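Multiple structures are listed underneath, in structure tokens.
First chain A sits with chain B, and in the next complex the same chain sits with chain C.
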Partner chain A sequence: MKHLLTSTLCSLLLGAPAMAEFFWEDHYLIEDITLPADIDPQIGGLDMNEDGDIVACFHRGQVMTYDTSADKWSLFAEGLHEPLGIYAEKGGTVVVVQRPEITRLHDTDGDGKADFYETVCDDWGVSGNYHEFTFGLEKDSKGNFYIALGTASNGSGVRDEIRGEWNDAGGLTHDRFKYNNAIEEQSWASKKKGTARMYARVPYRGCVLKVSPGNRKAEVYATGVRTPNGLYVDEHDQLWVSDNQGDWVGASKVHRIVEGGFHGHAASLLWDPKNPVTDAVPASIPPAELNKRRTKAPFLLPQGDCGNSITQMTALQPEFSNGTAGNNLIVGEMNHSHLSACLPDTVKGEVQGAVYHHLKTSTIGAGNNRLLYSPDNKSLYIGKTHLSWPGREGIKKVTYKGKPFLVADRVQLTETGFDITFNAPITDIGAISDYLIESYVIAYYAGYGSPKNELRTDGITKVEAKGNVLSITLDKLEAGRVYDIRLPSSITSDLSDIAATRYWYTAHQILD
Partner chain B sequence: MRHHLIITTIALACVSLLQAEPKATGRPITIKAVDGLQFDPPQARMKPGQTVLFRFLNRDSNDMPHNLVIIKEGALEEIQKASMQITPEAIARGYVPDHEAVIKGSKLIKADEGDEFYFTAPEEKGVYHYVCTYPGHSSIMYGALYVGKGAPKLHTDKNVPQVVRNQALELENAKKNVARPFMRRYFMTNAGPAAIGVALPGDQNYCWDAGNCRLRYAWTGDFINYGSTSRTNGSQQVSPSGKVYWTGGGDNLTYTISTGDDSLKPDFKGYQLINGTPKYTYHFGELVVTEFPQTQDKALVNTISVQNASAPIKVYAKGNVTSNVGTREGDYIVVNPADAQNIQLTFPAQ
Partner chain C sequence: MSRTLLTLLAVVSSASAAAKKDQPAPQAFETNCKACHLTDRALVGPHFVHIQEHYPLSKRSEFLEWCRNPGKRNPNMPQMPSMAHIPEAELIEIHNYILNTEVKRVKKTSNKDLFPDTKRPRVVRSFWRNTAPTSILIALPTAEKLNVVWDSEACRLRYISQGEADNFPYLRSNGNSESNPGKIIYTENQTFGTDAQPVFKGYRIDKDGFPTFLYTIDGQEITEQISSSGESVVRTFTGTTPAFSVTAADDTSVAVSTTSNTITYSLK
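On to the complex of A and B.
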């Protein structure tokens, strides 16, 4: 009824044929999961145990299990320090990552509550700075755990008593960062001017860590992350890590982690196991020099348009998205009411690709921190948080209703433009003038976020539909740009009208 | 003619001065914007028709701008909606919505700055709200202004955001002691960043540091002071609510056990909960150590067990701590290997 009205209005107003329109909620049911009344309902981690119960960890340190069929929560553990990741193991143990350690929770007496909190690994530094979040928790097929350590923010200083040895490379001593130093009677506000935006002065901040089974020592697996609030190990044991826009991070991004790789944020280079920075403030190293070491992220999500603070990733399951099975990802978003799908493409051996907004509807809400599928992959649970930033609370359950819709499975760079492959043959693709492609360069530098440098509107010379594939030809392509591709909403199919009309393709490489 | 003009100008200037500083009929009210998109305090009280100086201070450590807008009763939802508009006009007004329900609005204030204005409460008794209308903040960043009415206890106040109610509830629960023993991990004052706070029966509380594996301090009475607002980004260090009667001193290289080998560091293995009370385990070189602080006869007793000791060990026991075994040597008790499996240190609360 609502659609009919809107369509009629459109026709009346425009005096033209009804514009195609797509409503995500025609295809997805979005519900709230009831949470216990006496809990701060901010979610740090979601997983599912062998019994099919959801295991969730909360901002105030509780771990609770949720029997989905009985709609009943029960407390499993409590008293943890800002847990931001959880992994339910076979046999009933639950592993959580909290600020100071990875902890395995055992229920040894079988009364349904953990009674042994085993410290699996606490081999990293903690300065007491609030922004040093510990993110995780993922496990690969060999039983290795991966976590990622947030850098400290110059929004505040560090404590007098810290864990781990302070690294004073470049002359930045611990004293310069103590913000409650009574002797100097200096407020942090006056001290912060002398510090980089984000810093990593205790061990392994800004690094991705690997903890192998039985090993109490953490291994620096990769460097160069800033606020890596999302880890995902795919079925090929490839680790993906998301990062948030800020200094050295021109746009929020999804990293494909390379063992030993440097992924761009300078601060953690103090902890590079092979080639550490020992005599300089990393943020003062020329970007051109750092760029030579850098592994670029396959997906950039430009601020405001595409992504703000992105969060956890998981596979974009075909049962949930009605697309074709592939290596596509879906990633959460804190500041806006949508999730984002990432469609990888490989060009000259380098993975890069396109991002579009999946489930862009106000009912989803912001604060989408953690993602978990139901056993049949048809429902996605979204755990929300804000931790004082914009966001929301609670858990949403989003269920695919089974009514197919038209969605892009792949966006591939061609020698002359882009091929967008849909899950059905498309029609009504419109004229060239219905398309808009802009491209720009995201800067790599010490500043906070990047403007759209060298912004231009690209010339389109041809658009063509061949079955499921929409081919767009440009007058030229240039490497090192993000292409913001806007398609007409008239594109339709037997399934439905087009679900997403805007794609951001990160073209580190082009074909010659 | 000219004199008249001057006199008129002076008179007008006086009038505008008087308008700028109306006579306050009540004490100033200070409201801070703090971390976690919250106002501190989340409740304020005024008498109908009373005029007070409002001081609004932005103390948000996340560098976020905020304002404080006082609105009519029952208009919260409308103002929350209206505050989502990001138009050039809204920006020019410092995001104070152009809405008839707005009674008074501060300027948009950067972190570490403030604004002051006089505000006269409406004559009508009621529950008014103060809201930050910076886009995206109003859904959780508001407080309740009770005019001519008593405010309910914070944890039951439906006029404050749920997150504020929840924090207040946690504080209430901690105060009640109903659930002792229990434990919480936060950044705690006078301890390392891997601290553990424990509330034991009999109003005993202690802080045990998982970084250097030792008891840091002990107190009686209420558990932890979460502050007037809990900073949800985690930057806050919490501190004991009750009376601290024992402090271990030392630094982060001071450990419970000393063997004379300065290269040894404790390796924390975790804790068991025995009827809810944590018993900690760590390795110290070859030594396997457990510590189990409990309430015994109203005192705090830490039972320490050291396995694999082959030579005398020293146990840190600064101050008026007594031991069931060994002999005191400065801040330490020296214990023979044979006695090391059951060392009971008693921390008498005076």
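On to the complex of A and C.
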């Protein structure tokens, strides 16, 4: 009754035709987790240890353990430098990644507090630029760790003392970037002209690193990331990395990392192990040339509409999502009150696919930085942060209530349009006039973000449902576009009305 | 039923009254600006009154230019991301909305640290002033609030400072400003008597909270504990210590004494 009332009210206010509405909170319980007292509650990483306790690292360097059944926090370690990733190992050790190193925390005397902070790997540069975050931490089935190094921002300079050898390719010397350059006596605002927007002048910034067991030496696993605040190794040991919109990143994106691959952001090409840029400012290389080297991201999340600052990914577990397919991902979002689901499709051997907003409801809130499932996969813990940007604090626990709802499992490109496969037969597809598909090109260039280039409304010639599959036929399809597919909220099934009506499909490839 | 209808009408009328009083925010503002810009107080970015003063209608083109290619004015605030993806017509709509929103009173925002940490001893990694960006501060339990800053790259003491060590400048600016170690009262240069680079292995924390740093030089394992004894700072070494020497800055209020495995620093 409440919902009927609300939708009636909406139609009265907006003068729109009465439509059914889907409410995520009919299907999910969203709760706040008790926070430890006297701690800045910004979460840098979440994991679960073998006892089923949550281990979390915090903005101000603490690592704490949360006994979920007793609702009790205890301090495990402290004093770390902006830890942004955590991995709880068998046997009680906890590995964290902080700005300068990967650290293994041991509780050797068993009193519940770490007493040995072991340096596992510190083989990368630190210029002191504020934007050089160190993100992670993921481990594959062979015990290799993966981290990703953020690039420096020309919103500011670097320190006089740095770790790692400065790379002055293209004539950009360390002196030019110093915060305090008494000789030139220029403000940073004037000095930054001529530097690239995001830069990577100390080793391996903008790269994904692999650290093998027992090896202090890091290996450059891939290049081309900007602010990669999300890593995920799936059950096939495939590494996924998210990146945030900015220079060379026309829209926030989810990368499927290829070993040795260049993933688009130019700055890190200074550190390509096989073919480094040695004689130029990478940002000055023509985009067309860089594009030939580039591995494109399967999922683009256009700014504002779909994603702003995306964060960690994990599997979209069927026990949580009520879906049926197993290869989908769910990714966090800093600026908006939702998470995003990524549905992979493979076209001509290239992985690409669609994104929709899962749990788009104001109760979720913004700042969704880290994701962790409960052991039964029915609950998702969301660790929040803001780091003085937009965001929130604390931890939300989101639990699927078990009441089924209509959700898309797959969006597949066909020769003529899109097939959207749901988890139940569609009983009403709505009116074709209520469907809207727009498409546009996201630019690849040194500028910040991308407008919707070559924006157009695509002609929809046919919509039909066969069982669980909704087929949309377009008058034409073109490769290299993002298709913003808007479905009517009147689509319904025996389970429920449709949960998500908007899908962004990245069509790098089309079928001939 | 009639009750429902009444409720409905009441909601509708109050909603329209609210719409008259406060102009609705354009969708582009909701999506792109709202998370950082509030009407009446600074959040991540400046509040409306500040923007109204900086970008009155006469500076429309400057407003548009800033949105497309923003810089950084306040060193303690993050830089605004570019809004080049928003079409000009919508940027103008946003500008009009900001200019036409009446703000009665601007609320002061506090720069106070809500979680100050003054515990001693404590070990804190941050961007500390006047040292490598990978340094570690040890706040010691002395009445004079002595702190040691130890460089985990060079594996040596860089300086001793006095006063409350504060990493809030770093936290507030997201690492753009350096943490304040207090007043630096002693700096030293140390050589290990070898060209080999030390390798930092980590540190142990004992029951009293004092750290022992572990590192190797030329494959030799060295441990170095930083602790305090009364009002003195004590470094205690084990392992085959290579011949190394410390050189204190000339003008210092700290006296240094050594034994075969300790260096003690006391206020003069």
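Operating definition for what follows: the second predicted complex is superposed on the first by the 496 of 512 C-alpha atoms of A that agree within 3 Å, B and C clash if a C-alpha of one lies under 4 Å from a C-alpha of the other, contacts with A are read in each partner's own complex, and residues count from 1 in each chain.
The criterion applied here is as follows: contacts are C-beta pairs under 8 Å (C-beta built on N, C-alpha and C of every residue); 3 or more make two chains touch, one makes a residue touch a chain.
None of the values given here were measured: they were computed from a predicted structure.
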* To do: After lining both complexes up on chain A, report clash or fit for chain B versus chain C.
  => clash
* Asked: Which partner does A:390 contact after superposing on A: first (chain B), second (chain C), both, neither?
  -> both
* **Partner contacting more residues of chain A (chain B vs chain C)** => C
* Asked: Can A:303 be said to touch chain B (first), chain C (second), both, or neither?
  -> second
* Taking the superposition as given, does A:126 touch the first partner, chain B, the second, chain C, both, or neither? -> both
* **Touched partner set for A:82, first chain B, second chain C, both or neither** => both
* With the two structures laid over each other on chain A, which partner does A:38 touch: chain B (first), chain C (second), both, or neither? -> both
* Partner chain(s) touched by A:168 [first = chain B, second = chain C, both, neither] -> neither
* Applying the touch criterion given at the start, work out whether A:448 contacts chain B, chain C, both or neither, answering first, second, both or neither. => second
* Asked: Between 44-52, 116-124 or 260-268, which run of chain B pushes into chain C after the superposition?
  -> 260-268
* **chain A residues contacted in one complex by chain B, in the other by chain C** => 38-40, 59-61, 78-82, 98-101, 103, 114-119, 122, 126-128, 130-131, 155-156, 159, 161-163, 188-189, 216, 335, 386-390
* Structure fact -> Per the touch rule, the chain A residues reaching chain C in their complex are 5, 8-9, 12-13, 38-40, 59-61, 78-82, 98-101, 103, 114-119, 122, 126-128, 130-131, 153, 155-156, 159, 161-163, 188-189, 216, 245-246, 302-305, 308, 335-336, 366, 386-390, 447-452
* In their complex, what parts of chain A are in touch with chain B? -> 38-40, 42, 59-61, 78-82, 98-101, 103, 114-119, 122, 126-131, 133, 155-156, 159, 161-163, 188-189, 216, 335, 386-390, 393
* Touch list for chain B against partner chain A, complex -> 35-37, 61-63, 111-112, 136-137, 140, 162-163, 166-167, 169-170, 173, 182-187, 191-194, 196, 210-211, 231-235, 237, 251-252, 267-274, 278
* To do: Would you pull the chain C residues touching chain A in the complex into a rising list?
  => 4, 8, 11-12, 15, 28, 31-32, 35-36, 43-44, 69, 71-72, 75, 77-79, 81-82, 84-87, 114-115, 117, 122-127, 131-134, 136, 152-153, 167, 171-176, 199-206
